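Pasting the structures here.
You will see chain A twice below: alongside chain B first, and alongside chain C after that.
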Partner chain A sequence: MKQKPRVAVFDFADCEGCELQIANLEEEILDLISFVDIVSFREVMKEHSDSYDIAIVEGSIMRPMDEERLRGIRSHAKILIALGACATMGGVNKIRNQWMPEEVKKDVYGDANLKGNELFDVFQTKAINEVVPVDYYIFGCPIDRDEFKSVITAIALGKKPDIPRYPVCVECKKNENICQFELGAFCLGPITRAGCKAICPTHNSPCEGCRGLIKKQDTECVKEVLERYKLSYEDIRRRCTMYNYGRKECSYDE
Partner chain B sequence: MSKDFSVHVEHITRVEGHGNIVLDVKNGKIEKLQWNVVEAPRFFEAMLRGQQYNELRPITSRICGICSIGHSLASLKATEDAFDIKITKQTAILRRLAIHAENMQSHILHIGYLVAPDLFGVGSVFPLVGKHTDTVMKIVKLHRLANEMSDLICGRTIHPIRLIVGGFSLVPTERQLLHLKNRLAEAQDLTKELAVVIQSVADKLPTFTRETEYIGLTSDSEYALYDGVIASTDTGKHPAYRDYKEVINEYIVPQSTAKYAKHARESYMVGALARFNLNSTQLHPVAQEVAHMFRLKPLTYNPFMNTIAQLVEFSHSIEDSLLLINSLLDQGIKQEKPVKPVVKAGRGVGIVEVPRGILVHDYTLNSKGYCTKANCIIPTNQNHANIQLDMEKLVPEILTKSQKEIELTLEMLVRAYDPCISCSTHYLDVIFV
Partner chain C sequence: MKQIVKTITKKDFSSFVNSLINDRTYDVVGVVAKGKRYVFDTLSSAEELQLDYDVTILPPKKYYLPQTETLLKFSLEKPFEGKEIMNDTPRIIIGVHPYDIIALEQTDRHYLDQQQDNFYKKRRESTIIIGVDIKNVSERSFVASMKTNVTDSGFDLLLTDIGTNYAVTIGSEKGNKLLEKYAIVEDASSSDLKKIITVRNAVAKKYRQKVNIDKKNWSSLLVANYNHAIWEEHSDVCMECGSCTMVCPTCFCYDVKDNVSLNLKEGNRVRTWDGCLLKDFTKVGSGEVFREEVKERYRHRFFRKGNYLPERYGFVACVGCGRCGSACLPDIADPCNLINELGHFNSEEDTGKYFIKEETEVLEKGIIHVPRSATIKKIIPFNEIDTLFEIELDDKKPLGHKPGQFVEVSIFGYGEAPFGISTPPGDSPVFEIMVRQVGNVTKKLCLLQPGDKVGIRGPLGNGFDVKTFEGKTMLFTSGGTGMVPMRSLINHILDPKQRDKFKEVIILYGAKRPKEITFMDDVDRWKKVSNVQCELTVDRCEPSECWGGCTGLITALFPKIKADKIDSKNTIAVVIGPPVMYKYVIKCLQTLGVPDNNIYVSLERRMKCGVGKCGHCQMNGVYVCKEGPVFNYGKLKQLPEAFE
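Moving on, here comes the complex of A and B:
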């Protein structure tokens, strides 16, 4: 029998919620470890190995010391998967990119002398693929547990994971929700990548765009939806600050 | 005994976030002993500036995956305080259920997945699956229940959706609540069975004590989690909640990207043990029984017993949730609209107890409802100094043990606090010492 792929999980600047989503698979983790070997996962295990095939990386990159660690991980891994919004696109960590690092540091640490202290040596937030090449992306804030399972299963089987390229509206309609625009909210569903089962609108809350923007945004049907509520494409793009600061479109679809 | 050795734990495992333990011993003398937080700072308070009041809750939820419900509630309470919003009775009950669900989820994760491997002498929960299948399945079942309860009340267990300014975007149905009630009742028996298992290995918890101060919320009407006033085991109640800085004095140390805090002494502790030490008489009877099993009494000065206090609280949360659900069912659950805010300039402070201790969000909003200043005080920050001082008392007491045992005991000490390090790395209004 072929050897099980060895998987390691790593985290950088984030809330560790996506890793927690893995733990939240509950007994289904046991299914997962029947076809992969988890050899490093600091949040839940003491054992660690530098010999792995697949690295799952969560979080954004903030400092030179983090870049160095990430390059080390990349050099060990055959396949690197970016996990969650912070890793795939910078996520909420990029909100601060509208200011220079020196400015936020001063804002937060006052006049403290932090020169030469590498712990505080931050640059503007980077997503994982701004530092090293990424092979696969698992989107969301947090990630969807079912999607995680299906992506890992596909990769372990040597197949290409199936990630939606259509907008959240498709899943939202399938759930028979009343449109958030109809309820007076401003929703990013029309231009955000689906795959979350439209979870936010389904709980009566507008989409915040945590899975990134789809490639074809400026389409007639998006304009039509917006026109109905007297909004422009520029209006919806201006709302994309929580997760998509500084991003034009999602560059992952070939 | 003269000996030279070092314990350098880089990125301690089975805790949330990145921390290091450094111990250098020369000729039997401690040359260096440090608890270091090396997590990358995230600047949340800076990111909140300029955000509209509705955005503060979803953004601050992302401070922490484990206590996202707690951050959400502290955030909503701060915003509602600034706008003088009075939430409905139903919202107050549902929010209490939300906090119980999170407390249960976080506590069982810590007890079962992060601490239990030490008590059974293994590196993670995975080797226990084969050897202690029954116990692992109990833990998994309780963890699943807590998560599904969060899903039901909040829409999602990590980064809740339904919690919004003024109330809920959607509430559970009567049928869903009845179903939850039945499952919670079953879970109480499972919890007692799990307590028996933990009791059988509890001798692995070190018998270390160091007198310190304990700080948490307290309330006349209940074991305080969602609401209450700040209280200390040294100085009693501090009712002026907006003046929380009189109690929580934060400062910075160079070896840590997280702030430290002190009050009456050089350090204090927050979290389950602090709450137990302050409010144990208000625990429900089943939780009292669990405490009795472990001879846990106030004031307990052994930080390793924090895990046991979590188990006690887990049982309390089940019992209290059952009562809360009953009162919701009695009054009838309604899909009520959130209270509409009257936007105005002002400052608001929200304080809640989250799994790891007392959490403060403090916002200043302008007349259009945009945030101009924010401060978040995280439980784990308040524990860092206490961890350091515990280590300084603990290491000389165990210096004759093997290096491996010393390393494990130090790791267990950090784990006992259940630190949430990614949470703890952001600051504002820094006072340097």
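Moving on, here comes the complex of A and C:
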């Protein structure tokens, strides 16, 4: 029998929630391990191996030591998959890129002496693909389990994963939600990549853009809608800071 | 036809609904509240019904064309086994407004016309519609001015709130039987009948939104303004979110996908809602997108409603429900506003026609979604991207195609892709296709081995009507993969049994590079046939490549045509190649004096369903998969999207 591809799961600066989504596959993990061997997955197992074909990486990159570790992972892996908002686009960790790393450290740790301690040697947050090439992206905060399954099966079959390039509105309309704008809220759904099944608006919470913007914040249509709903550019800029700070538009087209 | 009208007290109507629910024969759905809006949903009791609603967020189309519908179940482990899956729990839909009933009748025309969609048909047959006359008017609705506020067909029963009672108009025997079995009704009196009219007339006066142009004039109004700046002005603020198409009762395009379970053992082929406003709607395997600009997609949606479908079926495919208007954030989607705005321009320019009528062949029943099992017999690589596949249908029947037709090749788990057939018609169950590796299906195909199974749907589309070419000089011009269907046609015509029926044959063939010249054996053979002139060119050639022929674009071959051979009026020219090629080649043909009506082309678009249903290959009002891919240029040239 052909040897099964070996998969390792790694994390950087993150909440490990996306990994938890994999763990939450529960008995379906048995299906997964019928065609791959999971050789490293800190959140769910104690074994570890440096011999793997596919690396699934969660989290964003904050420090030189992270970069070094990530490069190491890349050099081992034939395929690298960025998992979740932190890995695919920097996510919430990029909020702090509004300030210089020194300012942030001072604000958080005050006068503590951190000199020479590489754990605190932070630079501006980077997404995975700002350090190493990424083969596949699984978006979201957290990721959607069904999408994870579809990307993994696509990779296993040698297909291009089917990641939507249309906005959340498509899925939101299918769910027959009352539009968040109609309810007086401000939602990033119209300019955010779908694939989450519009989970937030479906649970009556406006979209925060965790799967990345597929339109620039300053395109005419966005301006038009802001004006109609009496919102300012500042409103959308602030809203986009949560997941999309510093991102002009979605750069991950595939 | 005079319809029978009964009355039922509101209390008895509730009991009627509750007995339908309790009977459990039917999935009983109706209009229920969702926040301040309304939706169709499964009823657990009659009390939930909100028959005085204004409009639902989604139309009841979700029950006829489910958002995700499994067409086939397949196993990746079995060589080839696909099973059509049909879930046909009978359903009763209570509270459908007349405009939504009319929209359903329109959808029927599309899905039950000619090539019937058996999924749709089955579901439609097992559904009972209990309509209700509109009582409260939604803010954006303009149904009164569309004359879709009332209907006398399309329902099994229709309720009208006439005070303490509902008047129940019986629209079908199914409806009648349902009443007999479950309801206590009385015959309507003449005053009841009058009340129905009074109620309808009173509601009709409440509409604030009104379209000023009669719907039968929409088509000409749109045509007069095809090139108007309005499309760009409005689409500048379009979010491309597709909401307008999702909520529309007359938008019925779909996409087809293969989903594979996590154990990689089995999967489903599903169809899901798709919308022409979304950019990837027209994207083909090679990555090309047709109607790439928002403005074009925005215009397409209105033309589909106001011109393309009216030309095809005779109805305006907008019923005035106003859902798109309220769903569109920048508020540019509402046909009422758009048509009224166009009406102010007084433009009378005749910009042409955007629909052409073509006779199409009806395929065998049942062929719509289920592919036939076939076996790969031979795989012959031409170069690193092009491979010739010899395929045999497992039922050993000949494919029965005409030159120019295509097949959908299916690999379960990967999907389907359209391929031109490169072999001439004949009695053999074996046929050939050429595969260029561009997408999921083509890449997977190239990993298969002789003996492996694939699925075949087809032959599909309109091919060449070779009989009409008899007695003519034939001039074939093909570029790149255009040689695939062209080879089928050329070999058919050069068949010794046929050859005498045609005059001179001139073959012009261009490829990008020498290595991309395919079917070289055929080319060599053609060159040896008398009265055949065969000229080849490549766009460019590296010094390392062996190429003794002409270098330059395909148009460079035209001066080589021996002038004495061309009796231009009696010449049939066939052109097949990449989209960019047509314009230039057709110019050359016109210079030669070949009349436009003697020119035939074959076009490439995103042929997904292959039977004119899913909408992806649509080019202005024409479905390329059904009315094409072969077209007469004289007819086709009027379509601006054909050679954009």
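Convention: the second predicted complex is superposed on the first by the 229 of 254 C-alpha atoms of A that agree within 3 Å, B and C clash if a C-alpha of one lies under 4 Å from a C-alpha of the other, contacts with A are read in each partner's own complex, and residues count from 1 in each chain.
One rule holds for everything that comes next: contacts are C-beta pairs under 8 Å (C-beta built on N, C-alpha and C of every residue); 3 or more make two chains touch, one makes a residue touch a chain.
On a predicted model such as this, the values are computed, not experimentally measured, just so you know.
Do chain B and chain C fit side by side on chain A in the superposed arrangement, or is it a clash?
fit
At the Cα centre of chain A, what angle separates the centres of chain B and chain C, to the nearest 10 degrees?
Taking chain A as the apex, chain B and chain C sit 130 degrees apart.
Should A:44 be classified as contacting the first partner (chain B), the second (chain C), both, or neither?
The first partner, chain B, only.
After the superposition on A, what does A:74 contact: first (chain B), second (chain C), both or neither?
Neither chain B nor chain C is touched by A:74.
Once the structures are superposed on A, label A:117 by its partner contacts, choosing first (chain B), second (chain C), both or neither.
First partner only, chain B.
Tell me the contact category for A:142 with respect to chain B and chain C: first, second, both or neither.
first
Using the touch definition from the top, say if A:179 reaches chain B (first), chain C (second), both or neither.
So A:179 only meets chain C here.
Which one hits more chain A residues, chain B or chain C?
Looking at chain B versus chain C, the one contacting more residues of chain A is B.
For A:35, decide between first (touching chain B), second (touching chain C), both and neither.
Once the two structures are laid over each other on A, A:35 reaches chain C alone.
Based on the superposed arrangement, let me know which partner A:15 touches: chain B (first), chain C (second), both, or neither?
After superposition on chain A, A:15 lies in contact with chain B alone.
Go through the superposed model and pick first if A:62 touches only chain B, second if only chain C, both, or neither.
A:62 sits against chain B, while chain C stays out of touch.
For the overlay built on chain A, what is the smallest gap between any CA atom of chain B and any CA atom of chain C, in Å?
Closest C-alpha pair between chain B and chain C: 9 Å.
Does any part of chain A touch chain B in one structure and chain C in the other, and if so which residues?
Common interface on chain A, chain B vs chain C: nothing in common.
Inside the complex, what are the residues of chain A that reach chain B?
Interface residues on chain A, with respect to chain B: 11-21, 23-24, 26-27, 30, 33, 38, 41-48, 62-63, 66, 91-93, 95-96, 99, 104-105, 107-110, 112, 117, 119-120, 122, 141-142, 199-200, 203-205, 208, 242.
For the complex, which residues does chain A have touching chain C?
Going by the criterion above, the answer is residues 25, 28, 31-32, 34-35, 149-150, 152-153, 156-160, 162, 165-167, 169-170, 173-174, 176-179, 181-183, 189-191, 215, 220-225, 228-229.
In the complex formed with chain A, which residues of chain B make contact?
Result: residues 11, 13-18, 38-43, 45-47, 49, 55, 58-59, 62-66, 68, 109, 113-114, 117, 123-126, 129, 137, 140, 143-144, 147, 155-159, 161-162, 164, 169-170, 252, 254, 256-257, 422-423, 426-430, 432 of chain B touch chain A.
Hey, which residues of chain C end up touching chain A in the complex?
34-37, 39, 57-58, 67, 236-243, 246-247, 257, 259-264, 273, 275, 278-280, 326-327, 329-331, 413-414, 439-440, 443-444, 447
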